[in-house]
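In order of appearance the chains are A, B and C, and numbering begins at 1 in each one.
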Amino acid sequence: MTFVRNRWYVAAWDGEIGAGAFSRTICGEPIVMYRKLAGDVVAMRDACPHRLLPLSMGIREGDNLRCRYHGLLVGPDGKPRQMPIVHERVNEKICTPTYAVVERHRFVWVWIGDQAKANPDLVPDFWPCSREGWVFDGGYMHVKCDYRLFIDNLMDLTHETYVHMGSIGQQELMEAPLETRTDGDRVVLSRWMPDIDAPPFWRQALKKEGKVDRWQICHFVEPCSVLIDVGVSPVEAGDTLASHDSGVRGFVIDSMTPETETSSHYFWGMARNFDILDAGVTARLKAGQSRIFAEDIEILERQQVSIAVNPDMALRVLSIDSGGAHSRRVIERLMKQDA
Amino acid sequence: MTFVRNRWYVAAWDGEIGAGAFSRTICGEPIVMYRKLAGDVVAMRDACPHRLLPLSMGIREGDNLRCRYHGLLVGPDGKPRQMPIVHERVNEKICTPTYAVVERHRFVWVWIGDQAKANPDLVPDFWPCSREGWVFDGGYMHVKCDYRLFIDNLMDLTHETYVHMGSIGQQELMEAPLETRTDGDRVVLSRWMPDIDAPPFWRQALKKEGKVDRWQICHFVEPCSVLIDVGVSPVEAGDTLASHDSGVRGFVIDSMTPETETSSHYFWGMARNFDILDAGVTARLKAGQSRIFAEDIEILERQQVSIAVNPDMALRVLSIDSGGAHSRRVIERLMKQDA
Amino acid sequence: MTFVRNRWYVAAWDGEIGAGAFSRTICGEPIVMYRKLAGDVVAMRDACPHRLLPLSMGIREGDNLRCRYHGLLVGPDGKPRQMPIVHERVNEKICTPTYAVVERHRFVWVWIGDQAKANPDLVPDFWPCSREGWVFDGGYMHVKCDYRLFIDNLMDLTHETYVHMGSIGQQELMEAPLETRTDGDRVVLSRWMPDIDAPPFWRQALKKEGKVDRWQICHFVEPCSVLIDVGVSPVEAGDTLASHDSGVRGFVIDSMTPETETSSHYFWGMARNFDILDAGVTARLKAGQSRIFAEDIEILERQQVSIAVNPDMALRVLSIDSGGAHSRRVIERLMKQDA
C-alpha cells in the first residue's frame, strides 16, 4: 500500500456526477457514484452484492440502482430494496460497501478507510475554491504514475525551466531563494520576490503600474494535494509572506487521488480573486493549465516506467527536492499511524 | 486448477475440423486437430515433439503433419514417421501427446486427463442433437470468463428479465415456481406451467389452438454443460415433468469448455423435434440465440473483471442461484475425486 | 538470468549512433548512447541519476546530456557537470552507471557486467567485417524470442528446407555430411562438398567454369554470435576445411544480443571478398537476407510462445541440433563461471 487510509479523497468534480451512474476507482476500490433526486451524491462499491456485476451498468430507479444481471435493487445505503424474486423477503446482509461523501469546494470527496471515522470536518480546506469574491475552475486528467511523483513535481518550482521550456519556464525563477518548512503535517515551500517589476500576466491582473512584491507558496496538504498560492501586490502595501491580500492573488489547485499504486486521478484548476466575472480569463487560464500539465504528465509517465526498469537505481534528493522529500516523510508517517 | 480432469470436453463443432490443421486450447492444453483421409479426427498437442513449434503451422502429408521448422514428420499417433535427416532411424520416444477423440452429437470431443481412462461411453448424452426426428444447429463464441460463471447463468432462468430486457425477458416468468433437485452428479432446475396460453413462438410450433402445459427444465451435465428442455403440449395430453413428448419440444444446448481459468469456449445451439425440415426456422433460431447469448457474454465478461477487482467481496447465493450453487458443488466434488 | 555477464555485446550498428541520444535495452539494462563531438561513442544507463527520467529524453549540450526534468547536466562519465541550481556545488556521488564501449567491425559494443573487467582485446573477432579486401553490410531486427533459440537456428543448416521453402531451401543440402566440433568455447559445424557444380550464385561470383569445392562452416562465437563461412573454390586449387582462400568467400554475420530473457536484438549482415565495389550486389544480398531472416523470425517467435504454453514439454536434441546443443553447453558453462 502506498497511500494513506482514513482520509478524504477527491473522487470527482461536482459537474462529473449527475443522475447517471459514474464509476471511478479510488485507492484501488471501484466506486459508483450518482446524485439522488434530492441532489446529494451517493458513493458505493461498484459491484452488486449478489454476483458482483458492476452496479454502474445498472438501471436507475428512484434513488436506487437495479442490477442489470438479476435485478437486485440496491439502495443508496448499499442495502437491497427488492430481491430478484420480488416477493422474497429482503436480506439486508447482502449489501455493498458504501462510502461517506462530502461535496465541498466544487469537488466530491469520498472517505477511504474505516467509514465510522469519516468526519466532514477533516475535508482539506480548499477555501479559495469556494470563497466569496473568488472564482474557480479546472479540469481532470488520468495519469499513469504513482501520485507521489506528482507531489514531488508540484512541490518543486525549478522543473519549470526544462519541462515547460516552451511555456512558463524562466531561468530567472531559478535564482530566487526558496524556503521549505514543515508545520505539523503541512509542508510549505515559499519564494518571496520583493520589489520587482511585475511580469505581464500579473501587471494586467493588478491594473496598476509600479514595483511589486511577488510570491509563490506551495502548500502540501496531506494526503495528496498541493495548493500553490501565487500573486503580486504593490510594494507600498507592505505585504508579507504571512499576509498578502493587498494585490491580486490566485491558487493553483492540484489534487492527485491514487487510482492504483501506479496511476492517479489528477484534479487541477485555478482559483483567483481578480477579474472574477471575466469568463474569458477563466477559459484562458484553464486552457493554459491544460497545456502545461500535459507537459508534466509526459515527464511523469516516462519517469514511472523508468523507475520500474531501473530497479537498481534510487531516487536522489537534491536541495530543490526538499519540498517533495518533506511531503513524502509526512505521507510515510501517516501511513505508519494508519497501519 | 478450476476444472475437472478425466472428462470428455467439446473441442469443436464437427464442421470446424477439416483436412487443415485447427488449433484450440482446451483446459490449458494447446491442441491441434484435423481429419484423416478416412474422415476421423486426430487431436494432439499443438507442439512438435522436437523443438515445440506449433504443429498447426505444419504441412499436411497424407495423415501426417510435417513440422515447418526442421521437417519432422509426425503421425496421427504423435510419433515421428520421418526424421529431419530422412535416412536417420525414427526415434519414437520423441513424440507429442495425443488425445482420445470421439465425434458424437455433432461435436468433436477430446479427453482431458489420463488417456488410458478415456471411455467413449462416458461422452455426455446430448441425445437431442443426434436423434432421428430431431434437428440441431448452433454456433461458437469465445468468452473471457470462468466457465462456472456461465453455468451459474444458465442454471438460472430469472436473469432473462434484465439481461434480455430487449429480447426474451418477461416479468411473468419470474412468478412461476422453480424446483431444484440433484440426482447424483446431475442437477435439474425445473419450472412447470400448467394450463396456460401458449406464447406466440410455441403456438406456431404446436400448430394447434387451446391451453397448454409449458416447461423449462435445465439440466446441468457435468463437467460443463447445460441442456435446457423447453416446450409445450396440449393440456388434454396429460404430460408431466417426467414425460412430455405429446407436443413440441426443444433443447437449448450449451457447453462451456474451459480454455484457461478465466476464458471459455462456448458451444451453443438449439435442437428441436418440430418443423425439422424448415431451414428458415433453423436459421432464425440460430440468429436469435446468437443475439441473446451476446447479451449474456457482455454481462459475464464484465462480471469476471469485477470479481478480480473486488477481491474483498464474495459471490452470494440467493434462492434463484440454487441451480448454479448445486452445480458448483458437483464440480467441487469431482475435482476433489480427481485430485 | 539466461545470459553471460562480463562480455562485450553488440549494442548498435555504427550508423545507428549519431549526435542524438539513442536508447536500447541490452541484457535488461536500458542504455543511452550518443557520439561525442570527437566521434567516439558514450554509453550510460538511460536514467538521470537524480529522479531517473530517461536521459535519452534530454538535451545535448557539448558532450553532455541535460535532463529534461530538472536540468541536471550529466557528462559522458555519468557524473554531473552542473546541478539544477546552477551555482550549487556539483555532487559527483549522484551519477549514472556508464558502460565501456568499443567501436569495431562496424558495430558498437558495450561491456555488460563488471566495468573494471572490460578489456577491448576481448571483443569477438568479426574480422571479415573490417578486413581490407572485404566489404560488409547488413541490418537490424527486433525479435521476441530468447537469443538461444536463434543460436539453435543458426547452428543448424537443415531448417532451410522447410523454413525457407520458397527461397533458399534445397533438399540436396540435407544429404551432405555435417561435422560438429568444440574448440574451447568455440563450436564449429562444418559441411564440405568436394568436386561439385557450383550453384548459380557462386558460379557468378567465381567468374570461372569448372568443378568446385564448396563449404558451409558455422562458428558459434560466445556469448551470442554465429559467423557462417561460405564459398567455393576451384577443385584444382586444393583448398581444405582449414584453409580455403583460393576462390570466393563470404561470411554471414549474426549477433543476437539479449534485450530481455524473451526478446533479442538481431544484428545481421554479409561480408564478402568478391565484387566488393559492386553496390548492386551488396544491396541485393541485404534485401535477400532481410527476406530470409523474416522467415526465421516468424518461426522463432511462434516457437517462443509455444514453449511458454507447453511447460510440460522439453526441447529435444536430434543429430541436426548438435551445433546448437554444443553452443548451449558453452553458454551454460560460462554463466556458471560468471555466477
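The definition used in the following text is that a residue touches a chain if its C-beta (ideal position, glycine included) is under 8 Å from a C-beta of that chain, and two chains touch if they have at least 3 such contacts.
Note that the structure is predicted; figures quoted are calculated from it, not measured.
K.L.:
Chain A and chain B are the same sequence; what rotation (0 to 180°, nearest 5) superposes their CA atoms?
P.N.:
The superposition gives an angle of 120 degrees.
K.L.:
When chain B touches chain C, do the two copies use mostly the same residue numbers, with over half shared, or different ones?
P.N.:
Different: fewer than half of the residue numbers at the chain B-chain C interface appear in both copies.
K.L.:
What whole-Å value do you get for the distance between chain B and chain C if each is reduced to the mean of its CA atoms?
P.N.:
The separation of the two C-alpha centroids amounts to 50 Å.
K.L.:
By residue number and range, which residues of chain A touch two or more other chains?
P.N.:
Expected reply: no residues.
K.L.:
Please output the residues of chain B touching chain A within their complex, sorted ascending.
P.N.:
Interface residues on the chain B side: 152, 156, 158-159, 161-163, 174, 299, 302-303, 306-307, 309-310, 313, 315-316, 318-321.
K.L.:
Write out the stretch or stretches of chain B touching chain C in their complex.
P.N.:
25, 30, 45-47, 49-54, 57, 59, 66-72, 83-86, 88, 91, 94, 96
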